[in-house]
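Okay, got some structures for you below.
Here come two complexes built around chain A, the first alongside chain B, the second alongside chain C.
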Partner chain A sequence: MAAADSKIIFAGPVGSGKTSAISCLSDIPVVSTDVDASDETKARKDTTTVAMDYGFLSLEDGTLVHLYGTPGQDRFDFMWQILTEGGLGLVLLIDAARPDPAADMLFYLDAFEKFIAETGAVIGISRVDLSERDIYGLLQQSLIERGQLLPMFEVDARKDEDVNLLVQTLLAVLSAEV
Partner chain B sequence: MKQVARILPVGLEQQERTILGVVVNLLSAFDLDVEVVDDASEAPHIALVNGEASVGMEYLHSPDTAPVKIVISATPLSGYGAHSLSKPVRVQALKDAIFELWTQNQESIQQVEKNLGSRSKAKPQPRPAKTEAGLRAEQVQDLMLALLLARSQQKHLLFSGQAGHGVLLDGLHGQYYSGLSGEAMEAVCQQQGQAQALGPGPFMSAIEGLEAKPFNDIAWSAARFGAAGRLYDGAELDHTLVMKAFPRFPRRHLRPEHTRVAAMLTKTPMSLRELEANSGIAMDVLIEFYNIGVVLDVLQAKPTEQREIRKLSGGKRGGLLAKIAKRLKIGGNT
Partner chain C sequence: MDLVDEIIKKVTDASGEGGSDSQADSLDTILGALLDDADDILGALVTTADGLPKAQRLPGDLDPRRFSAMSSALLALSTTMAREAGKGETMNVLIEGKEGNTYVMHAGNNLVLTVFTKIKPNLGLTLAQARRAADKVVLFAREKAKGM
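== the complex of A and B ==
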């Protein structure tokens, strides 16, 4: 990575849409390290990302913004610290259809706590149509109880406009640094 | 030293008068207090004329007019020595026009003062309040004002739109009740109407059998039509806006300026003036967002000691952020 280059990190549970979101933004086809799932992940996806997803955005001056999707399974969390070094900010995707989206969110907020404090984050709630519960309300309540204020939207991670909204919002958060 | 400009509205429609009220508040921040006068005999410096009203055209043809005239019309109106603004007039455009014309026409404005001669010279009026803390039900003209009143004073209200459509508002819980379809409700959001305060008993009877829905479902649409950028509940442009929770943005009424402001406030509490300076977003849009935040109970304005407007740096990466925004075709000063 060149000195001027930077990166945006996409995190979230398995199946939350990290790979799709990066695909929406990347100038190149996403380089994924998906392999056959062999554990409980199998129930949700046939393949899963065991290392990372990668894409990039090329800016007009040649600067690259690298887009990294962290591995969804927490047994790969040793990778997360490495990936976030030099990162601009975090896009956290939460799958509304999982059993406990609030617990998922809190897990990732804890895991990336230092990175978020130093940069910024935005939360996208995906697969909302597959849940009958008010997941937005649940997550917002969890954030209030935690005393953390983060932008949050219901999104379809396969749609360019939704992913753009997340990045646009992340940029606005980062721009508000005094 | 503050100056006082006397402005005479001529034939303005209700919405235009509302916008003038907002502008009056904004101009006081630019060391220009405005006194809105009701009669041409009160030696106005500026006339704000509805060019599509007969009374407006009569005024323009009369021999004794204000030295500065601003005509509002759907198509630009030339002549009459007037500055023309297009309908629907925007807060920012009117504010800029008044301020610039006031500055550019000081000579003729001073002549008005001299001509007053022995007549009782207009005395500076008390500085107009920037906010309207005492909103009353009888002042409500649209659903957004009704929502603001219900929420800020935790009242039960019945808002009656046109065609007898009624919406019951529970300001304590931030919920509304209505038997209207989505389309009819959308129409009510953009209509003028009246509000009536209800006691707990009549309110409970009225909502019987109706489903409670959150203010969030209607506030975004209502804000596009109502309240017109006025600040309520004691808030001022210099107060620091503290976000209590990120608002839930509905897809139908998603406005990029609103999401951007909301995102900025999650990182750094700022005043409306600071937001305007750092985002480039028009003040009336910012106030619109603030009003929505009040209705949804996610924003709070806190008085702070007067301070310089902070210029945000975007950290050390401001340039990079702008390049990414450009690459993704995201507008504004990210």
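== the complex of A and C ==
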């Protein structure tokens, strides 16, 4: 791939770690638009993203990867549209500790279907330490049933090396497609 | 900027203290009064800072859920931008549209007031009227918090 800056988008349900992931990967303090949560999110965490997260990562070849986080709640789906504009690929973070991770994954795969078809995506399963179930197996199964194979990893969204693996894999997938 | 502030101050002073009523008005009453009193204002919406509708008087078929989410996103991003540019606390976001204006303003820490005007409104007056309504919303929220 030519040495050009790239823009990637982080999506997924509330609390799956999009803001955490961008915060730990970004070279600069992230542009954050988290506000106090007033809905059912409040039981889980204090704040939620309402517009976007932004940070960037500089690669060894000197190019920048711009990182955009979306708000998880679907009432902000207009921001998904805005933020994917000009994006090169999607990191989909799925929270293993939510009640139905497979349904979450399918929901976001549908919501970003066109974008993923035009670009590419990787899936990160976060918060696996908080779940007793084999979410990796479950999600693999439902991807197979859907006929859509995507790279998938278990990650801790608070860990630099985990998030970096997702981003590097996405960039590799994208450059292989060109 | 100073001019707008001045106009707001004048209008606010002239029309007396926004919150002199002993009992805080309900959100519906506040929005109703705003639309009744302000000829140039066609619609208004109160939402939580994280984008859920609390009360609305919207024209036509505008979906309050959608506009609530947009209001909070817009205000949060604008607030972050102004803060990072060293412009201090954000009072309101002004969108001047060819067919009318949209104002999005903080109403305390946890609520947001959004107002839609008619085409070519009186800018200073409508801003002041909206700000006064936002102050009433703050008062209402405070009373409600006390009562809990």
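Quick note on the criterion: the second predicted complex is superposed on the first by the 164 of 178 C-alpha atoms of A that agree within 3 Å, B and C clash if a C-alpha of one lies under 4 Å from a C-alpha of the other, contacts with A are read in each partner's own complex, and residues count from 1 in each chain.
Note that in this section contacts are C-beta pairs under 8 Å (C-beta built on N, C-alpha and C of every residue); 3 or more make two chains touch, one makes a residue touch a chain.
Please read these numbers as outputs of a predicted model, since none were measured by experiment.
Partners chain B and chain C, once the complexes are superposed on chain A, both fit on it without clashing. Residue contacts after overlaying the shared chain place A:A172 against chain B, while chain C stays out of touching range.
In the superposed model, A:M79 lies in contact with chain C only, and not with chain B.
When the two complexes are superposed, the chain touching more residues of chain A, out of chain B and chain C, is B. Once the two complexes are overlaid on the shared chain, A:M52 sits against chain C while remaining clear of chain B. Of the two partner chains, chain C is the only one that A:P71 touches; chain B does not reach it. By the touch criterion defined above, A:L130 reaches neither chain B nor chain C. Of the two partner chains, neither chain B nor chain C is touched by A:A117.
Legend: residue contacts after superposition of the two complexes on their common chain; A:I28 is shown touching neither chain B nor chain C. Once the two complexes are laid over each other on the shared chain, residue contacts for A:A103 go to neither chain B nor chain C. The superposed three-chain arrangement places the nearest Cα atoms of chain B and chain C 26 Å from each other.
Judged by the document's definition of touching, no chain A residue lies at the interface with chain B and also at the interface with chain C.
Every residue of chain B that touches chain A in the complex is listed here, in rising order: 243-246, 248-249, 251, 254, 256, 259-268, 270, 278, 310, 312-315, 317-318, 320-321, 323-328, 330, 333-334.
Residues 31-39, 41, 48, 50-52, 71, 73, 75-76, 78-79 of chain A touch chain C in their complex. For chain C in complex with chain A, the touching residues are 48-52, 65-66, 68-70, 72-74, 76-77, 80, 84, 109-110. Across the complex, chain B is touched by residues 6, 25, 57-61, 63, 65, 88, 120, 122, 136, 140, 143-144, 149-154, 164-165, 167-178 of chain A.
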